[in-house]
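Take a look at the structure set out below.
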Amino acid sequence: MPAGRASAVDPARVSTFVVSITPFTENGVLDEGALRGHLQRMAAAGIGVYLGGGGSGEGYVLSDDETRRLLRIGVEELRGKVPVRAMGVEPRTSADMIDYFEMVGGTGVEAAQIYSLDQGHGHRPTQAEISRYFDDVLRATSLPAVLSTHQSVGYQVPVPMLVEMADRYDHLIGINVSHQDLGYLTSIVDALGTRLEIHVGGPHLALTALSLGATGYLSSEGNLAPHLCVGVIEAFREDRAQRMGELYGSLLRLSALLYAAGGIRATKAALNALGLPGGYPRLPQLPVPESMVPPLLEAIEQLGIGAIEGWG
Amino acid sequence: MPAGRASAVDPARVSTFVVSITPFTENGVLDEGALRGHLQRMAAAGIGVYLGGGGSGEGYVLSDDETRRLLRIGVEELRGKVPVRAMGVEPRTSADMIDYFEMVGGTGVEAAQIYSLDQGHGHRPTQAEISRYFDDVLRATSLPAVLSTHQSVGYQVPVPMLVEMADRYDHLIGINVSHQDLGYLTSIVDALGTRLEIHVGGPHLALTALSLGATGYLSSEGNLAPHLCVGVIEAFREDRAQRMGELYGSLLRLSALLYAAGGIRATKAALNALGLPGGYPRLPQLPVPESMVPPLLEAIEQLGIGAIEGWG
Amino acid sequence: MPAGRASAVDPARVSTFVVSITPFTENGVLDEGALRGHLQRMAAAGIGVYLGGGGSGEGYVLSDDETRRLLRIGVEELRGKVPVRAMGVEPRTSADMIDYFEMVGGTGVEAAQIYSLDQGHGHRPTQAEISRYFDDVLRATSLPAVLSTHQSVGYQVPVPMLVEMADRYDHLIGINVSHQDLGYLTSIVDALGTRLEIHVGGPHLALTALSLGATGYLSSEGNLAPHLCVGVIEAFREDRAQRMGELYGSLLRLSALLYAAGGIRATKAALNALGLPGGYPRLPQLPVPESMVPPLLEAIEQLGIGAIEGWG
Amino acid sequence: MPAGRASAVDPARVSTFVVSITPFTENGVLDEGALRGHLQRMAAAGIGVYLGGGGSGEGYVLSDDETRRLLRIGVEELRGKVPVRAMGVEPRTSADMIDYFEMVGGTGVEAAQIYSLDQGHGHRPTQAEISRYFDDVLRATSLPAVLSTHQSVGYQVPVPMLVEMADRYDHLIGINVSHQDLGYLTSIVDALGTRLEIHVGGPHLALTALSLGATGYLSSEGNLAPHLCVGVIEAFREDRAQRMGELYGSLLRLSALLYAAGGIRATKAALNALGLPGGYPRLPQLPVPESMVPPLLEAIEQLGIGAIEGWG
């Protein structure tokens, strides 16, 4: 029987992060100018930033040198203004993730995410292997770390294992939960909500997560609409239910719109068309067809995003 | 590309309904005393009531005479205090549903639900058959009707078909949506949200639905905790985001608790143990084992439900 | 750890059944002439017949009188030639199923199927309720019975419960398994394969089931192509792997073709167009559009069904 | 409407491959002695071999040097006896796969597999990106290539795109299909079955695939029981349906047994316990607990595998 819980939601602690895009030039070179411009826009909106993630950040096609450069630029532009963290990609072994933390350690980011182990080919590690992996990684670093449990690897990290890691490692500061499983999320919040940050991945469970006592949510939508994303959190903090609902409704519609149009391929195209720094995706991803951009912009405007973000 | 939308949420219109249990005696006779007591408790909490539903209402094991009696008692106890509606069960043919509406028409309920057609055996009707079915039923009645699109039948009623029915029949007053599909829900709200009531089935999407501009949610949890269910809606109306979150977090935890313990079997047992009218389930359902009741009550108390409902 | 098994497949015991269509006139009246014609065609092909099933047999829209009539005609046409059984529909209570067995008992069918309990609305019975249900039904009858475990009710009957029922009731003669779960099927065959008939529902696992030691398969495809369905079984019995594979490949392609074209709606239309008795579906099902029939017939011919069935 | 097909199964063309394990020492060093021993056993059984795959071959934790060494040893032990091919792992970019083909080209393997693009993090490429990827890779090599469409990447390569690649590139010699989707498999066989080898991944659809006209199946089970795997194919070729069914039933039971016990972790442990070369898994995978080995061996014996493989 699930345990009950009486703890109230703490509005002072809530927060949101954007999983930042990585702008490239049309020829696929890291576009440092666009990157700085984009991060300045994020900082101005007051949203925390995860850099180099495997999804929105195209982390899988970055070389180590590029990742280092990306993180250093992130630190230069963001540190002291908003939280700046490294996200990285799912590793095949603990050695992969330990190498990543070593590389990241020198860049000045404030924390880094530890992705769940992805053995590849749809295979799932055993419980013993999952535990061994997190132990090996957390023991090898002292950088503040956020553990990710994400549906893309095909399994959930068991809640007792999360608690064990939190008990064992003080530098484990948070959990990013990206399963659409309310019972699992509730169990994590009930077990660790007062000790660690708990963010859900994506906006779909954002209000639900806040209600359960989680810290907030991560999004890719913040790349286009950081004020909108922060606005949902601020409305909760300011105790304005209807404003929160209105913004959240727009965020969900924006999310569906961008996802259907091609994800960060569409986000980058929309930013460019709006005169904001966005850049291009790198291969194997291809830009969206140009004919898709005008109707996308029109749909974004119908959602009233321009007024919220200050470009409309 | 999904269409954008600018309409704000209207806090004056929001509402919630309980899908009422049907109390039986231990021998399986409709328990009219417990029924009246239960409905009085619902009325006192100010929650709308759907009667005789196929899930929480055990509608599938009620005879026609019992359904009529149930609805008449419902009207006596609820009418003028809170909305009172008939829910019914999924039909095999339009004739089944037309018969149901005829039966219901004489009882004084204010509206009745039209379930989606369930041809049985996991088979799904064609688009033409779904349309024909709704047309046949809606043409045959003038009672205010709420159309249900529910995951249990294995298909979604297409949004354009919902719009067509709304255009054609003025007595179609609402849609109950019980699919966990955010895009589908959004499309329904965008197409019909200003013309019809739109409630989601179950609490899992309640805040999300309100944010998208839907009217509210239905629940079985209201049988145990009607003030909690109403409280979420009131907090939204009173523009109190944190109160809303806190109550909603409790509601989600209560929902998981009751579901894991046996659904309405557990709800009835908990009500009885609390000295409230609940009754017993009827065969083929069996009561929960008695040993499950004390830990269930304890978990309910840890959620603080007693204080909210006024029994603690 | 799954238990091993050494028992070989017994080619003498293999068999297949058709889940018969129920022909109606265009106005929805039970078409006794077409029914007799259809059953004579089945008997001539040597295929066992299940009558009045909830899927292919449109059992959910038959009145009790019609079901009785259907079964009596079935007995007249089939008994002594091929096995003739009643299939029926998923019940809401044990009382429903007991009533069905009483009705069926007087018609002369050789056996009847006990469907798994379907409480409706997507709800699932507890283990105790499933066990109580089968016990109540099996105790109330002495007619040879075949227990059905089918994915449409949303749960599997646990293998130990199947064994318990087989131990307790000698008139339980078979299990019809319609889950696409190889492990579950294997467990049933390993536990009961030497004592009971075990058929899989539908052709998709037919060869796999025979290889595991099951008795055979049920199909709706047999309504159009009974010789094809029997041919797969005969090729196995005659130890002709390549002939079996060739026929089975045609059966799978025919199955996909009919399913995509509308299931028994398409089967009936194809039979009519071929000059064979098929009849029409009854509401809420609608006939397939006439324009679909010529390409359907052409695709059937390309599969070489005509030559196998003797109409080509 | 799916197209019909009249082509018969060609028993002369059928075949099966094992996705070979990669033996490591207990300390995680590539165990060349065990590798040679294992491959000699495969060659003796007459089964084709894929080397270095991302699942059974632990390809994700092999360095480039190890992969080259593995393939060279494979060629030394297998070439001229049984087909020897490189399998590799899912790439993030076409550049990854082109590099792989260059590396593989010098080793003497007869063909290599082109995995579907896996952009990581559960993201799916667009149609244009999938097409661009296969084009880039196939244009960059002249080594005989087998295209893989596998459920682990979360999408199916569209059949028309497969046909386009087959039209464009003569060195595309086969398709490995690992989706449990009968319709998709049928479409591929109907479109390309007479021009290319088509193997299904895993034994679950093996007989079904042969019946549809595919070439055969790949398995990991062949590492333990190569004669069993080849036996199924031989029985088909020798037109012995019952022998085929019996062996296939054993293969399915063995597959369930090994999967439940830990996949290749269990396979390696069983091989070692039987005195056959198996080696150990490399991190992040851990060996199965020793207590699991005796019951595993016993279950394997109950399936009669020893007699088939010649160790019993």
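We call the chains A, B, C and D, going by the order they appear; numbering starts again at 1 in every chain.
One rule holds in what follows: a residue touches a chain if its C-beta (ideal position, glycine included) is under 8 Å from a C-beta of that chain, and two chains touch if they have at least 3 such contacts.
Here the structure is a predicted model, which is why all the values come from computation and not from measurement.
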item: Chain pair among B-C, C-D or A-D whose interface repeats that of A-B, sharing over half of the contact pairs by residue number; value: C-D
item: Interface residue identity across copies chain B, chain C - same or different by half; value: same
item: Rounded Å distance between chain C and chain D, as computed from the means of their C-alpha atoms; value: 36
item: Chain B and chain D: spacing of chain centres that average the CA atoms, whole Å; value: 51
item: Multi-partner residues of chain B (each touching 2 or more other chains); value: none
item: Topology of the chain contact graph, where touching chains are joined (line, ring, star, complete, other); value: ring
item: Touching pairs among all chains present in the structure; value: A-B, A-D, B-C, C-D
item: Chain B contact footprint on chain C (complex, rising order); value: 53-55, 59-61, 89-90, 92-95, 117, 119-123, 125-126, 128-129, 132-133, 150-152, 262-263, 265, 283-286
item: Residues of chain D that touch chain C when the two form their complex; value: 1-6, 8-9, 11, 182-183, 186, 204, 207-208, 210-213, 235-236, 238-242, 244-246, 248-249, 252-253, 256-257, 260-261, 295-296, 298-304
